[in-house]
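In structure tokens below, several structures.
Two complexes follow with chain A in common, the first pairing it with chain B and the second with chain C.
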Partner chain A sequence: MNQKEMNNFAAKLLANYLVYAPIKKAKEVIIEKINLAGQIDWTGAMPINTFKRVLLPPREVMFNVEGQEYKERLTSIRETILFGVNILDLQAITLLDHVFEKDVYYQKRRQDIFTVGLTGGIENDFRKYRVFHQAYEENVLEHVMFDVFIEKQKNGNFILFSGSEKGRTLLESCNIVEYENIEFAGLVPEKGVDNKIVQNRLAVENSEKHNLWKELAQTCLACGKCSIVCPTCFCFDEQDEATLEGVEKARRWSSCFYSDFSKTAGGKKDLDALAKKLYFWYTHKFVRVPEELSYYGCVSCMRCYKVCPVGINVARNLQALSSKESRK
Partner chain B sequence: MHNVYQLKKAKILKLVRENDNTVTLKLRFDEQKSFKFLAGQFMQVGLPGFGECPISISSNPKESSKQFSLIIREAGELTRKLNQLKADDFVYARGPFGNGFPEVNRNLILIAGGCGFIPLRSVYEENKNRKDIKIQLLIGCATASGIVFRRELARIKEKHDLSLILEKETLPEFSDSKGLVTKLIKENELLADALVFICGPAAMHKSVIDELMKKNVASASIYVSFERRMHCGVGVCQHCAVGAKYVCRDGPVFGLEFLKANSLLN
Partner chain C sequence: MLREPQHDICFDKLIISMKNKLRIGIISLTSCEGCCCAVLDWPTEFLSLKEKVDIVNFHLFEESEHSSDERFDAVFIEGSPLTKENIKAVRQLRKNAKIIIAFGSCAHIGGVYHLKQYQDKNKIFNSIYHGQEGIENFDVQSLSALIKVNFVLPGCPISAKEFFQFIYQLAIGKSPSVFNNPVCYECQIRGYECLLQKGEVCLGPMTGGGCEAVCLKSKQGCWGCRGLIDDAEVGNLMKKLRDKYSDKEIVKYLEVFGVKEIIN
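Let's look at the complex of A and B:
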């Protein structure tokens, strides 16, 4: 398939679906709702934002209080395509799909969301900071979940893969019959859990007394930008909120850097120091997610580093934690 | 798909005022018959407009098909509101969540600090009439007005080995001296070959466990019930995470090894 045919495919999708895709804007690549196929950025550069807010809205109403009951509020969305999702962001979406496997709100929305992946990876500057060493060649598509995947070849042409029934239906509805099927083979490759997941967990687990956390706490502003921009940060608050229509129970994005995140009755906070919050953020990604799913809790997109006002670098910190001399 | 966040209405069958800031609510869901829980598990409890919080179930699990009890101490807006309810009012709850205490297959020592007896009460109620095991209760509170079940504890004392000590005053019916719950561990002969269940403020855990170690209590028989902020109850929202685990789902009851591995005894 050449670029023109690919643009036709994108245009067909735009005619029938809400489409979010990476576009170039003011020198940055940013994911936005698009109107024209020509807007799509095909370079594979890492967008500064993620698809997270489509899958997991920053605020979502779960219940309305009606009379004396909490009435479940499941909202339907228009069928939506997440287009041009790079492999790291597909991994992040695969993680969310597993974490929210039993969540009615997520699953309801997810039914109407299609993922169309695209090869590319990370822009050159960020390559050296990669946390994981993921090569596109290593059967990577068998261990991420996607509906359609587009591989851009060196000659500028594209080949297509389907990764689900939804994907096949989508392709065929656009009269595309030339594609290869890829069967999802589970999160963990046949050869076992990615050694980098194991290594990073060893580096982070039980490192709470490591000097690194105190050092980072001297510069970290606890602004929470890293959580907002992270495709795998999914923690939330659930709260009753008064609106003009009455009481709603809603959930909102949270961040472990926020002051009340761990506050219990009486005001005690388990995370009462910034060093503890930093350690907590890292244990979520490098300990808890691997413990539960043997999967990436961080996909090494490096967005957290890119937005951090004080330049905290997750890859460098993992190196510091794993170097023997620094271990106390 | 089951909605784990769905709060259900439970009617207050009876309300017992325990002290200035604490009530016991005896509750029944519309479909109470199918409700089951384990001692040590908790519910997410809420009121429209006031949000939710985790509250331990404090009644006998064997009576779960008829009713369940929550003991609610005022500590914030929601619990203050819950303290102002009357019989026949409704509260909203979902659950049960968490793992609960391990099976009681030998003698049992219950150690509580402050209102820590609330989750332990469910274990006590479940096992209080057993002839094959002995139960010992060691309870420490700051002041007499802070004791949650003063009358009930006096009744328990008639039946089981119960010691209660206050930090700031003496209480003739229980103790002539003042001190912390650790003093009771020091001064009492502990039941041999016993499971030890602990619940109280985090600051108490280390000193209590140190005293138990001095008395050669086996590490593997010590369990602690934890308090953490929780929103989801099912190990997703991250608020209650400790190391690799979630207090809401993998706890709230953890063995001593978990505390050691996560530096919770420092």
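Let's look at the complex of A and C:
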């Protein structure tokens, strides 16, 4: 498929669906709702934001209580395409899909969302993004969930893959019959959990007494920007909003850096010091998620570093934790 | 002295009285009346309040004389208690109201007027009033320095959304919630450019959100009008600002809304 045919494909999608895609704006690539196929950025540059807000809105109303009456607010969304999702962001979406597997609000919305991945060669992407959460394996696409995947070749042409029934239907509805099927083979590769997961986990686990946390606590602002921007951070607060008629129950994004995050009814906080919050963040991503799902809690997109006002760098910190000399 | 009042509402007392409509007052002390105006920015919500509450005293809306023993369930007090008359009124309101809400930055942390406290107040007075007689030169203080405050609706001006939310919560007998995420939360969610990263002064990381990061929307740094969040990392933010600014420069930002005193 050449660029022209590809643009036709995107235009067909635009005619029938809401489409979000990376676009170039000023000097940055940013994910936005698009109107024209020509807006799409094909370079594979890491967008400054993520698709997370489409899958998991920053604030979402779940139900209302009016007097004795309970009113479910499960609403349908317009069918939506997440177009041009890079391999790391697909992995992040795969994680969210697993975490919210039994969440009715997420799943209801998810039914109507299609993911269309994009790469200019995954091995190359791994180098470009300086991936530190996994080692490149050829069958990486078998362990990530997607509906359609587009590979841009060196000659500028594209080849297509389908990763689900939803994807095949989507392609065929656009009269595309030339594509290859890839069966999702579960989160864990045949040869076992990725060695990088194991290494990172070992580095973070039991590092509570490591000096790094104290050092970082000398600069971190607890602003939580890193969690908000992170494609794999999924924590939320529940929030009651009163109306004249009753109560609206909503949930909204949160961060383990915020004061209310670990506050319990009596006012006690587990995370009562900044060093603990920092350690908690890494433990969650590199120890607890891998433990529960044998999957990545962090996909090494480096967005947290890019938005951090004091430049806290997750890749460098993992290195510091793994290096022998620094271990206490 | 400025003090950040603790949120503290005795609900039992209030809920008992809920058989009747809530009696509410919105009172202005010395102020620009911007917070009262902000309430009227939401006219539909304001008018439909009458189903749940009686607004018995709100001078922006009516001009009746009010007796000093008028009783309230809740009183929102805007502005700074500066004049003798203000101070007397505030003490009386405390006696007459079950709960008092510091309404906006002036009542909460001293507000913009508080700038005067950081200068030679007589010099400032003379340069503005040129020695005119009959004008008192008061100290600027926050509400909680005078009376017990039960709750704060912060901001310069307050957020109308939070005001109505507070009243709705009272009306259904629910403890009002406090938003304890920093301005950065709302700023990053909206994808505004980070001024702190660009090297400008922004107090967003230590300031309580709820304003929807409105200043950052216009590329104006946050100067902290809503006061501090719990567990604010003040020291680290100051360290970060000192990379580029002298203490003298930083202090100028901290003085605008009286943040300087609440962080000490």
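Basically, the second predicted complex is superposed on the first by the 306 of 328 C-alpha atoms of A that agree within 3 Å, B and C clash if a C-alpha of one lies under 4 Å from a C-alpha of the other, contacts with A are read in each partner's own complex, and residues count from 1 in each chain.
Keep this in mind: a contact is a pair of C-beta atoms (placed from the backbone, for glycine too) under 8 Å apart; a residue touches a chain by one contact, two chains touch by 3 or more.
What you are looking at is a predicted structure, and each value in this text was computed from that prediction instead of being measured.
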First, second, both or neither for A:254, with chain B first and chain C second: both
A:262 touches, of chain B and chain C: first, second, both or neither? first
Contacts of A:219 with chain B and chain C, given as first, second, both or neither: second
Superposed model, chain A: greater residue contact from chain B or chain C: B
Which superposed partner A:239 touches (first chain B, second chain C, both, neither): both
Contacts of A:58 with chain B and chain C, given as first, second, both or neither: second
Touched partner set for A:274, first chain B, second chain C, both or neither: second
Partner chain(s) touched by A:97 [first = chain B, second = chain C, both, neither]: neither
Residues on chain A lying within both footprints (that of chain B and that of chain C): 239-240, 242, 247, 254, 260
Of all residues in chain B, those that touch chain A in their complex: 1-7, 9, 46, 48-53, 73, 75-76, 79, 90, 92, 202, 227-229, 231-232, 234-239, 241-246, 261-263
Residues of chain A that touch chain C when the two form their complex: 30, 48-49, 58, 218-225, 228-229, 239-244, 246-247, 253-255, 258-260, 272, 274, 307, 309-310
Residue numbers on chain A that touch chain B, as the complex places them: 62-63, 65, 68-70, 72, 99-100, 102-104, 107, 205-206, 208-209, 234-240, 242, 247, 249, 251, 254, 256, 260-266, 268, 270, 280, 283-284, 287-288, 291-292
Sites on chain C touched by chain A in the complex: 48, 51-52, 165, 168-169, 171-172, 174, 177, 180-182, 184-185, 188-189, 191, 194, 196-197, 204-206, 229-233, 236-237, 239-240
